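What follows is a pair of complexes built around chain A, which joins chain B in one and chain C in the other.
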Partner chain A sequence: MSITPLTEDQRDALQEVLNIAMGQAGDSLARILDAFVELSVPRIRIVEVKEVTNTIREMVGNTADVTAVRQAFFDDLRGEAIVVMDENGCRDLADLMGYDDNLDCQAEQELLLDVSNVLVGAILNGVTETLGTSLSYSAPSIMAERCPVDHIIDPRNLSWTHALLLEVNYSLKNRGFKSHLLLLMAEEAIESLRKAVDDFVESI
Partner chain B sequence: MTTPITIVDDSAMSRKLMTRALPAGWDVEISQATNGKEALEAYHAGKADVMFLDLTMPVMDGYEVLETLKKEGLNTFVVVVSADIQPKAQERVMSLGAMAFIKKPVNTEEVTKILKEYGII
Partner chain C sequence: MTMQLNSAPLLDFIVGKINVGVFVINRDMDIVLWNHFMETYSGLKADDAVGTNVFDQFPELPRRWLERKINSVFVLKNFAFTSWEQRPYLFKFPHNRPVTGGVDCMRQNCTFLPVRNEAGDVEHVCVTLLDVTDTSIYQSMMKDALRRLADASNRDGLTGIYNRRFLETSLDKEFSRVRRYGGTLSFILLDIDFFKKVNDNLGHLAGDEVLRRAAEIFSHTIRDSDTLGRYGGEEFAVILPQTELDGAVILAERLRQNIEEAEILYDKNPIPVTISLGVTQLSDDVAAYEQLINDADIALYQSKENGRNKVTAFKPSV
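Coming up: the complex of A and B.
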């Protein structure tokens, strides 16, 4: 199955929608961490499923082992939100939140789940508010722990042909903290999103 | 009198939204810039008595535009229009000489309120 690429207008509009959502999520993160969060321009790619792993590696960068949290979203748009953090990021997070060095595994997981939940909630709310769509999302769960980026997703387990990857990242000045948030959507959801974006552009 | 204004944003949609949010009946001549460098060119060409400035842009971002304008002796009314809504981002742009900060997505009420507050309309 082939998929029509996004038009320049669709990409521009989607980028701006993400930009607004990213700003809201970044503000939530800044409030939790009590630090200034640096934002970057969101990235958008449609790739064949076999390329998903490579694209994620490219987006996240060649980092040390990572931990990833996933949350599924559904209703008007269906997909997966994935928050990826490397070990430095996890440590920084614990440090900023006032935990001592001996954070046990369970407490670290809980912390990651909480932060991911805030980021994903804020970004999905931002997208739905702007596009006028409605979304629900699942509770966060750890999908990979301290493993290479390549191991987050195994494309062989996906029944899709194409995926839309939306990426935003958050970092802190003077610290190693970096967190990537990916929204991953399959063919059907790409078309729903395309329609929502078209309707939005038309309404302007 | 027609006021020359420049809308600076890398997103075409965002420039369109900003244009739409301008108060009805405000006599303006609108120029557009897609990055900070173009914004400064428009400013030097006398096309920006009022500038609506995005922050995150390629080539030259909004912070750099404000820094340059400040160095040159700011002679334009800059309203920052940004998705980065952290209080610290707002503090930083205000300290660089921006007169106001509007959160994206923009709306006419907010733009009108700011322009009225400073006697521009």
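Coming up: the complex of A and C.
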């Protein structure tokens, strides 16, 4: 399936929406975590399915093994969010999220899910509030644990050919924590987003 | 005929009676809504619950964690979730498989939903609680089956000890571990003497019994940290982590003696069984785990050459 790329205006508008969302997300994360969260300027691009693994590797870098959590969002916008972080990052967040020092395996997984949920929700709520759309979320689940970056997604098992990829990087000031957030929306979902962006531009 | 329904009482009815826990709390953690499911399983009536603090009613709740979680919903206006796989339950409720379940209490998946007022502010959090006890039981059954399957694929069908595939994987791992972190490792390869004669003279069932009994005696002789496996045919092997050659030779000698002294019966007739063994220790010039097997095999061959029922330690030829 071929897709119509975003026009320059649509891309600019989306970038602006994301920038606003990032500001709100940084603010609310700081209140939750009592720590200053730095967020990168979001990047928007269309990826083909065959290059998705390469794209993720480029974003995350060829670091040690990573852990990835996925979460679906649906309603006016539809897609999946993937949060990728390395092991040091996970530990750093434990005390910030109200967990005890000695994490067993289950507590560590729960922490990962909690943090991912907070990161995803912070951004997407910002987006939906700005666009005036409504959104629901599925429970997050762990899609890969301590595995090489290349193993997060197997392109052979995917049904889409093109997806819109929104990429944001998070880091915590004075701590090692870094994580990468990917929002992927495939094919028809791109049209819904395009429509939401167009409506937003018209309304201002 | 169509009927116009006033949807508000209908929705009240559904929320009240649905077989899902639904409750709502405000910023002070006071209960605002408590549905029938919550009443049934907690024993706390809605009339008694509404207006009281959820932590006063349920002091066993993990307060610090839960407050933080609910607070994140207020602040971020965000959904939040808990899954039984990480946190088996929020409330300790009985479940509906008290007889066939095998779990102590209801497994729960919870969703925390921000309830926005007209201004878009979140003053309440709605929590839904799903009984996933059945799912958890099926999943633990599946995990158990997979675990047994994995174990079966590592074992030799006849003797029940590890098979060659598992032995080689373990030896490879142990070899890499020593190379990375130091320490040492020894390896024993052994073979039942004149096993072909047992098969030829007494039949394959007798041969099988000898293999089974020998494996049993070996597994009683080795230490907990050693790994015993059937390497193939009448050949067996033992991996001895953190063991010097001297120690490995002592264990090999004990294996030899125990087999020689054991009474292995087939059809009430004793079958005399002896074994020949080759022992080797990992040295700096061993490049791969396969070489250890090869060295032990050379030593084993010497035991055979020197009259069988013997232990030989591998000596690298200069």
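In the analysis below, the second predicted complex is superposed on the first by the 194 of 204 C-alpha atoms of A that agree within 3 Å, B and C clash if a C-alpha of one lies under 4 Å from a C-alpha of the other, contacts with A are read in each partner's own complex, and residues count from 1 in each chain.
Everything below uses one rule, namely that contacts are C-beta pairs under 8 Å (C-beta built on N, C-alpha and C of every residue); 3 or more make two chains touch, one makes a residue touch a chain.
Computed from a predicted structure; not experimentally measured.
With both structures placed on the common chain, the touch criterion links A:T53 to neither chain B nor chain C. Looking at the shared chain after the overlay, A:S192 reaches neither chain B nor chain C. Contacts of A:S171 after superposition: neither chain B nor chain C is touched. Once the two complexes are laid over each other on the shared chain, residue contacts for A:A13 go to chain B alone; chain C is not touched. Looking at the shared chain after the overlay, A:G23 reaches chain B, while chain C stays out of its contact range. Contacts of A:Y137 after superposition on the shared chain: chain C is touched, whereas chain B is not.
Across the two superposed structures, the residue set of chain A contacted by chain B and also by chain C is empty. Partner chain A is touched in their complex by these residues of chain B: 11-14, 16-17, 20, 56, 58, 82-86, 88-89, 103-105.
Residues of chain A that touch chain C in their complex: 28-29, 31-32, 97-99, 106-107, 109-110, 113-114, 117-118, 121-122, 125, 129, 136-137, 139-141. Residue ranges of chain A in contact with chain B, taken from their complex: 9, 12-13, 15-16, 19-20, 22-24, 26-27, 30, 36-37, 39-41, 130, 201, 204. Within the complex, the chain C residues that touch chain A are 64-65, 68-69, 71-72, 75-83, 85-87, 109, 111, 120.
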